[in-house]
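Several structures are given next for inspection.
Common to both upcoming complexes is chain A, partnered first by chain B, then by chain C.
For the complex of A and B:
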């Protein structure tokens, strides 16, 4: 039995089992299945050789007459994202135990259904398979957000769904176009890499892919769906979107966009980098003016993702390695942030920062956990965010010092708006509603403990994570640079 | 060709059953007959068919495939007609008979090898449909639908007939092979008469498949006809229309691609936009389906615009996916309308809570119509886009993508109503027949969506 097939399809089987299981055991099953996926990932990680090769390869004929294969494999880049997905899903599932969710069967089934889609995206080596995973991940999260979301959920999620579908259909066109150009009419990524299209065509391909990925991440100016969707979604949905799903876009840029259209990247990469940097500054400034705690975190997420995207488009080892580790970090941090925000919102029944204050006094444990997550987010040394953002900025610096200077504002601005939020929520005078604030209970404690440990551990000792992707990243760089230099 | 004979005998048999008041035997006999016809037609798969009946018809793989999907769709529609026809008319046997007659016309349409057979097939089908549209004879809307359909249909038949006459005038034959040889033999000196003939054929056939700007009859006819008849018209009839369209152009007019391609390109883009944008503004689910069926005709025209080896299969997969999803949609519409008396989107509110199974199948159908992966509709769209891109119609495909996005708005509307809007309602009463049709169709949609290999490479 191919271990990678197990990894991909166990969540799907889990979804089906959960859908028909009894109400009382749903949560237990969900927790167990999420741990099974994590265990398989750990097994993959332990058997993974950190070199540039693709391992655990699966290649089955799927629709042979169109040249479509179920071809998936894991290299260093995919490995990091497998870790991210399967590490965060158990945390997200655990964090959802506190929430009062009606119709739990459907809820957890959708989460696992989505997990399968995500794992397909992160391991697919066939463009058609990649596209299928891309869409399969979208539909469940749409239902999660629209079924269990806030008041405006219907309108907001329609916008989200239409935005992402529009982007992905453009990508589908690009994929079919590339497929028709390959000599043997194949969807294999290796065949796509071998294509030698002229630079104008590659420019179109670049934009078709870029818009799809930019919408998902989101990169300015394709971000307008994001704050509303994050705010209206149930916390679990927001965690899935911000923690894992947006990495699909980043991963797509690294795996598909730049290697498939290197000349397009050469022509337009700097434009994309500038858009990312604008997004960093723009989102930071808007975050500063927010009074809604969820919206503030949503905008801060745009800023951080903008930096990751800028690091990738700088296209050097530091930038890419920074992006790899920062994807993991951002996932952990943003899940922590939204979890804490959710705890506060649930207890105070408001998202308005001006109605909060002084929570640190009645809830010291929450204050400490919040501080750790916050420091990770603002990239303080010895937290995970520092390693990633440092590498990313170094990557951008090597590309262009001015872009790095502007993108570097994210650290300063990030510190400003995050600390402002902390001050407004945790410090200051206790008011009538916050004085009786209950501190963390058991589940909340364990979730935040896991997250805090991860933040500090990766901050102190990031090397194992960096090792996973290094060889693959260097290999990819060489491959693309050769094509750019030859022309 | 035994399927055609079986169906003809079956139709008359059912009529006699009605005469002897054997009401309960109608449905089983019809279904068994259809199953037999289906089996007989599948048996002719890959039998190396040659034109039969003095070159009048050719029952090749193309014809077998389209015959089969039309018979299967008809069977599904008839399965949910149990106690539907009894509600709207006393003459139940006539219903089954006329539907079977229409199906006979369709069989002729998908297997014609002579333009006179094309005409005869279309007429057998159309005349049956005029009657079916107006079968609720005391209902004003049904009468209106029948009259409109009849006038428009007669009008378009005129175009078609004149086109056939012109083609005959130019080439001296009704036979497809002879016409094809005429086109190939005269690469430069094709008479203007022939070109006029092709243009008139395009107009006539566009009327029949409801492509813009010849689509004006569709919404009113679809809305006014009894829902099951609408289901029949927008699935089986439309599929057959496309099969005939494609057959004619693939066999005869392929070398004249440069002449008719721009015309069809404009027609297909217009059809897409008009169908989609109008569907967006509908409050009635049934009317929305009518307009969306126009836009699906636009997608299917892609395969003819980008005529190539993939075209036949693309239309087949698309038409099958579309038919099956539409049958689900119409079946649920019948159930909901029976309970609430209205076919507006609001009458679907809260359906998911009371009838999770029905809501799920309708969701699968809507996602399939919207072309979301893991459903048959996606495979259909994917094949259409591939076909069009392989002929480098990039702008057209980009416009199609814009339309696919517009489509999502109105297909999601009903999902939103069912799942996200709550309303006080009772459970919708379903029957085992309905549940079977819904479940079977949804399953088929997903199977084709996940593993399309078995129908995506037929010919």
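For the complex of A and C:
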């Protein structure tokens, strides 16, 4: 059997097994299966040649009468996202052991269900398959948020769901339209790439895809579902959404949006870049005065994702490579951030920053871990965030110095809201509820140790990760630039 | 030996790891030994490198460590540069760093966070060494931001005090404003020279025309970075607040080393600045304004550390003024002498505070010279040195700057000399208030007064010797010296020197200038003596009504208050506006409008359905999966 099929379907099998397994072994099974996926990814990585080719190709006629193929493969760009997904799922699963979850079978089954969808999205070379993966990833997270979320979960979740479905539908329309334009009515990405549509049509395609992806990331002004959802979702759901799922949108822009509609990109790319840059500053400023710790992190995530998006639309090697590595970094950091927030919320029963303070004294281990994750988030050199932000800002700079100067404000603004949060939570005097704060326990320590090590390791030695995607990124750039230049 | 330069940052990094991991298990003695010895080891290697460089024909060595970041044409190696400038800076950082580590074993002995303190201190030394050693702007930037982090951690060392935690945050944020300038300068350097390596950038820049607009922009942006790190107008207000940190930190980070990074960076980039005379003009004006404003604030401060903090801001202003008029050697000379005497003064102040049971208000001191004779004598040497009285070190470095300023702009010179008068005044005022007259503190404090232990006084003595004799490395020709420093640094500034030409002042003018500045300092000293010793004047308490000027100075010209109402509060208001009005009511309102419309429209269709959305979705996914497995099975 093809190794890539194994990679994609093992989580699905895991979901089915977990659904029917005994309660006592659910967590063990979940941990084990998440590690199996990671091991397969490691195997793929070790056998991966970092050139521009697509490897581990699978191409099965799925519903041939409609031109639908199960066609998937891994190039450098996909490889990074496989790493991201399968590295974070074990961490997220491990962190969820701290949650008091009812109906664990369904909970973990949904996580693995989603993982399968994500892996399809990140490897699909057939538009229909991509769309299926997109929806398969969305639905489980909808249930996770709806069934295990906070008080306002139903209302908030409906908005989240309607938002994303609306985006998906636009994308589906675009895909079907493109499908009908291909000579043999194909969904094959290679056929989509070959299309020579006029620039007005490509403009429509651009917007249809862009809105779908912009909602998912989210990019300003398509973001208003995000703070509510991140806040109300159970922490595991938030981690899945922010750590991995939003990368579907970013990946979509790189793999589908720009290469499929290069002329649309040529016409509208700068608009998208400007929206992204606005989002960076806008969300950062909002984060200044948030008093809900999860909501604050949610807005900070909008700012960071905005920068990634801006780097992509700048469309050069630095911007794209920055986006690639920053997708991984953001995943690691935001999962760490939400995990820390969750530890604090569980101990204090509140998300309100004004009720916290002084925790560094009773919990020095947490203080160190929190600081390391924070430094990665504010992109201090020798942490992972710096490598990504440096390349992203350089990419934006190569496009336009002023956009870079404005997006670069994130360096200052990020420090403001992050340090404010750190001060409100960790520093100052303890109060009656924080004075007896328990420091990290075994599981929490392991999760945060893994995250901290990753943050520093990637910051000091990012080259192995940059090497994975460089050839594929340059190849994609050439491909699109040729089309833009020909016109 | 030079090939072993990587050992220099490695030792403190190991110290950081050992003390950081063992902060709860290792004894204070072990922690102190690890902390001090790692820095001493770096100092030893630095001496070896210095000696080798001094006798070597080649004056610049690049030592690659590994490839750090590469993306497309951007290649950023992690590599080190050893040349006269970095070699001297290594000696300062590790040498003074070592003395301050030793001092800290005494000063912090009773603190519960002893291990944490030493691990932070070692981490700081590590980053400072990266800053100094980096062979390109990005590695320099690692150190640049890393020292900012350590500064944050150490200012907020006693984080239970919210004011201290706020001071730490303020320092980090203000530094980051500068860092953005630095970062954009790096991008611009890369697009202009296709490299960020000093060895590649500077020769290319040397061929560019003076006044080239790109060079002006690059240097202006780099200077923004320097303003943040070296606490110049308008980003200076974090430094006085940084005094919240333990006093050895103030001595090491906020006086001797980190805050001079801006001067180091400009001296390093001297060729870029020489070819951007417009930027140099701005540098000199900012330096001049800062040295004067800070000195004018220092004259009425009552907290002994605040006096020294504003003094540091002011002295940094002198260094920038020196850079601005092209006196690169003079500015760097002042970096060195200032490191000696300001570290000494801060450590001396620490000794006083230690003896006074953490009292920092000079109004409650007085008459300490009998109880703290070593502290008094060594601080007096530091005071004479900073006041610019010969033959102590500050005289030589300050006069070298002033001579260049005079040649450049007479008005600037006058203001700088008045600044020097202020300097002498506030320093002697501080000394007299602290050490002369009768004791004004509580009887408890008086009972507890004692000279500090040897671990603290020995560093004071060593620094006092350096403050007294440090000027010998740069005795100018006019005073019969060979100016060793100038010839040692000549390779670093060689290209700039060919563009600007040497100073043309004749010896008579130089003698007169020296005489004037010495006389000015003496007058200020005598005035301070008559006011604080003869008349035994003590500054009034906070509630007293002061005259307009005195009130402005005492309240630091209300700069913090102005920033607060012009920047902080409007930004907070903007945040609330964006959140409540734009996000919640505006964008989300529109979205919800769509949603409501859709719900109304779907009411009719809903009757056809059971309404179990979740059920349908599961069926849909199950269907897809069944289809998938079916088709795959078929194949």
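We take it that the second predicted complex is superposed on the first by the 487 of 487 C-alpha atoms of A that agree within 3 Å, B and C clash if a C-alpha of one lies under 4 Å from a C-alpha of the other, contacts with A are read in each partner's own complex, and residues count from 1 in each chain.
The definition used in the following text is that a residue touches a chain if its C-beta (ideal position, glycine included) is under 8 Å from a C-beta of that chain, and two chains touch if they have at least 3 such contacts.
Everything quoted here is computed from the prediction, not taken from an experiment.
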{"item": "Of chain C and chain B, partner touching more chain A residues", "value": "C"}
{"item": "Contacts of A:190 with chain B and chain C, given as first, second, both or neither", "value": "neither"}
{"item": "Chain B versus chain C as contact partner of A:62, first or second or both or neither", "value": "both"}
{"item": "First, second, both or neither for A:390, with chain B first and chain C second", "value": "second"}
{"item": "Chain B versus chain C as contact partner of A:200, first or second or both or neither", "value": "neither"}
{"item": "Chain B versus chain C as contact partner of A:153, first or second or both or neither", "value": "first"}
{"item": "Contacts of A:180 with chain B and chain C, given as first, second, both or neither", "value": "first"}
{"item": "Partner chain in contact with A:131 - chain B first, chain C second, else both or neither", "value": "first"}
{"item": "First, second, both or neither for A:162, with chain B first and chain C second", "value": "both"}
{"item": "Contacts of A:380 with chain B and chain C, given as first, second, both or neither", "value": "second"}
{"item": "Common interface residues of chain A - those touching chain B in one complex and chain C in the other", "value": "62-63, 132, 135-136, 139, 143, 146, 158, 162"}
{"item": "Chain A to chain C touching residues, read off their complex", "value": "12, 60-63, 70, 113, 132, 135-136, 139, 142-143, 146, 158-159, 162-163, 221, 223-225, 282, 285-290, 316-318, 321-322, 358, 360-361, 375, 380-382, 386-387, 390-391, 393-394, 397-398, 401, 404-405, 408-409, 411-412, 415-416, 419-420, 423, 426-430, 461-463, 466, 470, 474"}
{"item": "Interfacial residue positions of chain B with respect to chain A in the complex", "value": "367, 372-374, 378, 382, 385-386, 389-390, 394, 397-398, 401, 404-405, 408-409, 412, 416, 419-421, 451-453, 456-457"}
{"item": "Residues of chain A that touch chain B when the two form their complex", "value": "62-66, 131-132, 135-136, 139, 143, 146-147, 153-154, 158, 161-162, 165-166, 169-170, 172-173, 176-177, 179-180"}
{"item": "Of chain C, residues touching chain A in the complex", "value": "66-74, 138, 141-142, 145-146, 149, 152, 156, 159-162, 165-166, 169, 172-173, 176-177, 179-180, 183-184, 187-188, 190-191, 571-572, 574-576, 578-579, 582-583, 587-588, 591-592, 595, 598, 614, 617-618, 620-621, 624-625, 627-628, 631-632, 635"}
